[in-house]
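Data block below; observations after.
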Amino acid sequence: MDRHRLKELLEGVARGDIDVASATESVASPPFVDTDHARVDTHRALRHGFPEVVFAPGKTAEQIISVMQTLHAAGQQALVTRVESDVASRICGALPAADYDADARLLWLGPSETPIEGKGTIAVISAGTADRPVAAEAVGVARRFGNKVDLLQDVGVAGIHRLLASTEVLRSARVLIAVAGMEGALPSVVGGLVDKPVIAVPTSVGYGAAFGGVAALLGMLTSCASNVTVVNIDNGFGAAYVASLINRL
Amino acid sequence: MDRHRLKELLEGVARGDIDVASATESVASPPFVDTDHARVDTHRALRHGFPEVVFAPGKTAEQIISVMQTLHAAGQQALVTRVESDVASRICGALPAADYDADARLLWLGPSETPIEGKGTIAVISAGTADRPVAAEAVGVARRFGNKVDLLQDVGVAGIHRLLASTEVLRSARVLIAVAGMEGALPSVVGGLVDKPVIAVPTSVGYGAAFGGVAALLGMLTSCASNVTVVNIDNGFGAAYVASLINRL
Amino acid sequence: MDRHRLKELLEGVARGDIDVASATESVASPPFVDTDHARVDTHRALRHGFPEVVFAPGKTAEQIISVMQTLHAAGQQALVTRVESDVASRICGALPAADYDADARLLWLGPSETPIEGKGTIAVISAGTADRPVAAEAVGVARRFGNKVDLLQDVGVAGIHRLLASTEVLRSARVLIAVAGMEGALPSVVGGLVDKPVIAVPTSVGYGAAFGGVAALLGMLTSCASNVTVVNIDNGFGAAYVASLINRL
Amino acid sequence: MDRHRLKELLEGVARGDIDVASATESVASPPFVDTDHARVDTHRALRHGFPEVVFAPGKTAEQIISVMQTLHAAGQQALVTRVESDVASRICGALPAADYDADARLLWLGPSETPIEGKGTIAVISAGTADRPVAAEAVGVARRFGNKVDLLQDVGVAGIHRLLASTEVLRSARVLIAVAGMEGALPSVVGGLVDKPVIAVPTSVGYGAAFGGVAALLGMLTSCASNVTVVNIDNGFGAAYVASLINRL
Amino acid sequence: MDRHRLKELLEGVARGDIDVASATESVASPPFVDTDHARVDTHRALRHGFPEVVFAPGKTAEQIISVMQTLHAAGQQALVTRVESDVASRICGALPAADYDADARLLWLGPSETPIEGKGTIAVISAGTADRPVAAEAVGVARRFGNKVDLLQDVGVAGIHRLLASTEVLRSARVLIAVAGMEGALPSVVGGLVDKPVIAVPTSVGYGAAFGGVAALLGMLTSCASNVTVVNIDNGFGAAYVASLINRL
Amino acid sequence: MDRHRLKELLEGVARGDIDVASATESVASPPFVDTDHARVDTHRALRHGFPEVVFAPGKTAEQIISVMQTLHAAGQQALVTRVESDVASRICGALPAADYDADARLLWLGPSETPIEGKGTIAVISAGTADRPVAAEAVGVARRFGNKVDLLQDVGVAGIHRLLASTEVLRSARVLIAVAGMEGALPSVVGGLVDKPVIAVPTSVGYGAAFGGVAALLGMLTSCASNVTVVNIDNGFGAAYVASLINRL
Amino acid sequence: MDRHRLKELLEGVARGDIDVASATESVASPPFVDTDHARVDTHRALRHGFPEVVFAPGKTAEQIISVMQTLHAAGQQALVTRVESDVASRICGALPAADYDADARLLWLGPSETPIEGKGTIAVISAGTADRPVAAEAVGVARRFGNKVDLLQDVGVAGIHRLLASTEVLRSARVLIAVAGMEGALPSVVGGLVDKPVIAVPTSVGYGAAFGGVAALLGMLTSCASNVTVVNIDNGFGAAYVASLINRL
Amino acid sequence: MDRHRLKELLEGVARGDIDVASATESVASPPFVDTDHARVDTHRALRHGFPEVVFAPGKTAEQIISVMQTLHAAGQQALVTRVESDVASRICGALPAADYDADARLLWLGPSETPIEGKGTIAVISAGTADRPVAAEAVGVARRFGNKVDLLQDVGVAGIHRLLASTEVLRSARVLIAVAGMEGALPSVVGGLVDKPVIAVPTSVGYGAAFGGVAALLGMLTSCASNVTVVNIDNGFGAAYVASLINRL
């Protein structure tokens, strides 16, 4: 509801074309469905261009199933992130049409193929083998959101030739996602090699002074490359979400 | 230098069109100028699309003047950030063509008007009066980088009607920059109102548990709005840099 | 024992109405019962207006049963918080009159209906589905303490229309409790919409930079809404306790 | 603007009593005044019951004067907090009717006497001499907001008899504010002595492991007294604001 | 070996009373026994007045048995702290003379009764029921080290009358140990009531902003009572060790 | 006032030897004097055995003078810590009998010689030259409190022979105070060389990862020497206070 | 590929000795093998002098086997660190030639004896029994990398005579590794006794204020011994790696 | 004094060649000189191979002069670090032979030329212009300690070509020192390019999430390059000290 739409509505009421009760309803009715435990946002695709995404941790399989069914009933696709395999099994038992990607811990209810809507390619670059699940989440989400994705793995900066050998992949991307734990230096180096936005994802990979991703997070926030922005630790989903928005521009 | 260019060069050498000495030089010569204290990157505009930007703190007026002259001599524009007024005076004394914006603490050496190259508008939204310098930096940089900018100030979430009164400004932007200190909640609310990327800038505004911007930083990193990425505390420049890159896509 | 009561006692002794031994006892006798492991406060209802509340973690089922029996023997009601279901089973086996609310993790020994003593309504607002257990604790405690309670769930600020659709609920409350994890922005927005005290409860919901509730805690402490005070992370009980005190004023 | 008011407006439009242009304006016009640097909330007293309060740090004397004049022009009183004496001098030069309390660092523009609207007394208790400025801010704000205030100073818990000698003051209050730095234990002891809400204000008093108020803040958040809520470090204003709200109930 | 002893030895050598080989050995032989995994200090009782104390976590039952046997073979008593019950069972199987106190998690190999060597009483005061294991460790160690001990439990400062009812116990002690988690205010209040040294033990009891004992630790370090010193979180042993040293003076 | 004294008083009242008014006064009169800004504890020497000690930072010269005069009028000595030289000058101007030790930043009002009441010697050991002010504060306070003091300076553990050359000084002390910044290892080594209590004082000496004394503080709290307790960063006063208490036992 | 090699290659092409295709390949071909999940660096021994070392945590047994086989196929030795015993069993099942050291948690595929290439001895000194696994990792890695190693265990600074009894071992080493948890003071004392580089390894041994190794880490970083550098918490491998590099110089 | 020397001494005493008094003295006399405020280590050059180095902050000019004179009187050279220019002026006034390097903040008393004793070259690499003072300190110390030094400045990883253009400098060094603030990624990249030890120096350069060098420090401690060890923030001296030790091996 914006000023323009409000004016039209009021003119309709003034002309008698629209009755007061339904106009009141239009202005006041909420764009969500209340379930027992959640207020599900059914207008989200309209407002944001992507389906509602459910973050699984802290929710029971039953709650997730209920939200997915509500979204499905409203004609929307549903994507669930961070789904452990045992929870996924129970959900897929109840919703056989759901599709589970164990590597990326993603659960999907919708058409198996997503049409490409992104204008270019999203490159996902990860520093080490242990960063793989976060990178996989980013790749999986970006593909479900209609993007072509290039994945470049295990190219940490301590063996810089491995990264430099793939600069073409970096430079042909429209948006980049750099995933790294430990000292989190990858986005700085990648950022220096391209003139596109780089979304940095710190991971909780590492031990001791890595402090569960804090070292990487601080490193990325203080990156000397100016084209880097940062999302939360392990938030491959968030990086892919923003990359998809940018890739549609 | 990429694989394709290397191949051409080698073919030229094979044909005898290019002699070994100059080919060696082409492959090996560095794209920078060494001054006494800095290795100035003179190919940056070529690689990144924007001029080299100098971060003033920790540098003497003399060092800044030297870098600006080196860039100018290489035909590049120069932008200096976080320039305190006394340093600016000394630089402008030496470089009368330089232009200083005290509000944004920006110093500029280049044409007074920058042609618009961004495809849409960048909206800069700030929460409180005290966040003004950071927002001003973001606005100033974005304009110098060729963008139309809308500024919306003092619309913190504790008076949500002030923000909601300007949703049209928010929704007509192609990229948004949300600047806030204290609890840093503004990007979450803004993010929920638009379907465009939002770059969040925590500021060091606040006291006590604000911890110099840490409260806002953590709040933005854990934003429940999925379209938010974050830059360093008070980094209005970085936000504008990335917003400009996105706005050129 | 206050100055006035002391004077009466001394006058009684002076008149010979009260003998020295019993006066000594009255002044010196402690308002508690020592069990093997605890000094149970049996005068608490007298002093504070609510029954003693037991925090279960770190206590064995046997210790909890013992405290509940001591309170019961002293004619007091007993409320136990954070009781995991297995511990609750053992306690209910020993004390069949006890009532367990699994959602709120509350155990209660007392009359099943609590008369309404609060003068108005307490509104409990929670940001996300995962904040539900903390909100449920707040609701459960407030009801056991004799209040009418309105619960508004899943109204996080990134979908601000969900919250704005329920402003009437907010504005009709006498005291409000706002429960949120992650960036913890909900109390700021709620605080801006009402002119009543808002008690903010940060939750440990979130990951990475949420740091187990620290991001939300800092956000709430630095809220730009002036009518917000804060309790410990996940402390739904404390919020309800203070809200009940306020609602009796 | 709530649902009820909207319906009335629509009915007026339907009846032809209200024309479309002015109805549009009523729904859409913002309850604030935009100045050069701030969006001043002129409906705040209506919504919150207290005048707009300006936090001085980070604002120039000129900006503060401008906000105070805008509020004054809108018929509102103005209270400014944390005003250093030199800034106060400049403001009082421009606004001779303004009144400055150096101890509490408060600046006031409004009638010299505030009628008592609070139903009971607010007790402000402080632990040490160095906590005095924060306690003074709480006292000053609570008085300007129409409350009777009792002040009890220098009653830290390491000399518990000093506090116990004044329990009558504590027990006769309707709301209490406990101000303490260092280990911040005062609110716990005070909370145990009364059955009213206690608002705890940690102060930045102390050195070393006091960490600028963090020790006191953590101590207050983890208080074993259930009737304690907490505001930000040194936030005497916020405590008085909430205490005033409670005292009006 | 000190200067005096060295001189005697050299004089013995000069007189021919002591041969070079054995003098060399005396000066150079180490006061410890090397086992496979540890350098066991067999002169400790001589130097420190108490037996070697073994900290169990991180050691296998076999390693603990080996150290205890080495100490026993050297005629020393052995005390092991933080022994979980399953480990204790295995050790007691191998060393039937060992005695296990499950409450205090202490294992003892030596005479069942320790003669009283402390000159006065050590008072151990604990704030809450959950602090009991730490208090029990302090009590158990102090008794094994030859002290009379008074234990006062569950006297947290939020019910200050519980503590004040036992001031005689406090004042009759020669040294005091105050054990508390959460806000850790107990030592400040106890410290103000006595003129003896108070050793504060923060415990990891609490949740959220208690940060595993950090809130209590900081509170104790910044105590406004001057007679308080602090040991590590949950270090009931260390407190009892120092209290025993003081009580022997 | 304890139980025994209360009984006597009541018996006096019962016998008619004591009238009600004065008995009431005796029980209720507070052992302190209220000044404008402080509640000065005039019974402290009675309860604690040492004069009231005033912590100067955060107090004006006028406030300090007022407290010193109040104490002096009550026949007590006064010690003020952390007095900067300019503040000291102003105080000594008003109170010519006061004595200032610039090295230790201590101000004293009382007899110039303090009779020795401590039973043994207190050894103060400091690691580096920069720790000198904190060590000087400990030495000065311990002397004013009636102790013989040995000072051993600049014996940090990285040149262990410097410390070992003075083991006789260490071993002849009855209580030890070990002062160190940076890694704070001195108390661990000292603790291992003696069988007396060691009070560790971390100092804010150091840079970078010293974090203003946090590194030393943590090191001392986790010392592997069991006879070490810790006071706040730079708290030479507190260490001397407790050492004096112990030395009187 | 360096400037010299490039010139030779170009001259070969100019002479016609090298054809363009193979020269392009030489310049561009990457010195690694891409497996499904990793980019294995097969030139590492060439560049760094030691085999690739695999960090096991976060990798499945299958991934580790695959990397080991890739390295083996490239004629390289393989060392895997932090291998838990169950993972080791599965790997040794698949690769019977692999050798597992449970104490050091190291897995090795290569010749059973490594020829000594280090010029001197590496001394590994550890503070307590619980630091043993980290010390064992350092010893194991240093031996596999071709060094003579002396191990000195359980020589913490609180019993300084244990360390001083072995100064000859310390002084005969060419490089030293000092391993310690808790207050981490060992490297400072060791550093003061030798004139060789000391690599400090903080361990996560300890509890409470040890903060999982942070106390030791900070202590080592702020060591007053100038010959100390530091590696990550528990990083026995890294210390041995650098010590081996130094020992080859 | 070691076992061998002790035996010789004892044999001399047994033979009557050495009298008891002087033998006692030899064993017991301390290798230091006590001044008023410091215990100056005059045997340090003997034990460590380098002169005593004085850290200026926290010491007065007079104290520094006194230490330098004591060292000079003992025939030793003196190096003072972190000397601000005003302090240097006063020292040079008193000691005209002293030499001050303002860039590196180093003060030197000794021969103007130091003979080269290091076997190879030490490379000092710094990331940005603002890291210059720390790099200069490292360069200055390494030269005073007898090393050839190569300096490579302003080669941060976000412009990786600047660093790669100088790999020959990196690879020809025997030891490397990498200096960087902000995200501190330089040592990881440098470490991957060489097979020599790299000493990483985090600097306090940066703002916001750089936290005064903490981001760089954590990044370096968690570097994925195995040949990296770390010193304290801004500790250019320490890095040069260790590099010099290594370069002498």
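By written order: A, B, C, D, E, F, G and H. Residues from 1 in each chain.
As a convention for this text, a residue touches a chain if its C-beta (ideal position, glycine included) is under 8 Å from a C-beta of that chain, and two chains touch if they have at least 3 such contacts.
Model, not experiment: these values are computed from the prediction.
The set of chains touching chain F and also touching chain G is given as E, H.
Among the remaining chains, those touching chain G as well as chain H are A, B, E, F.
Of the two chain pairs examined here, A-B and E-H, the one linked by more C-beta pairs in contact is A-B.
Centroids of chain E and chain F (each the mean of its C-alpha atoms) stand 25 Å apart. For this pair, chain B with chain C, the centres built from the Cα atoms lie 49 Å apart. Here the CA centre of chain F is 38 Å from the CA centre of chain H. Chain contacts: chain F has residues 3, 28, 159, 208-210, 217, 221-222, 226, 232-233 touching two or more partner chains. All chain pairs that touch, listed by label, are A-B, A-C, A-D, A-G, A-H, B-C, B-D, B-G, B-H, C-D, C-E, C-F, D-E, D-F, E-F, E-G, E-H, F-G, F-H, G-H.
Interface of chain B with chain H (complex): residues 28, 30-32, 37-39, 41, 44, 55, 57-59, 63, 202, 204, 212-213, 217, 232-235. Within the complex formed with chain C, the chain F residues making contact are 3, 6-7, 10-11, 13-14, 16, 20, 23-24, 27-28. Every residue of chain H that touches chain A in the complex is listed here, in rising order: 127-128, 156-160, 164, 182-185, 188-189, 191-193, 206, 208-211, 214-226.
For chain A in complex with chain G, the touching residues are 129-130, 132, 153-155, 159, 161-162, 165, 205, 207-210. Put simply, chain C touches chain D in their complex at residues 2-3, 47-49, 53, 119-120, 167-168, 171, 174, 195-197, 199, 217, 221-222, 226-233, 237-239, 241-242, 245-246, 249.
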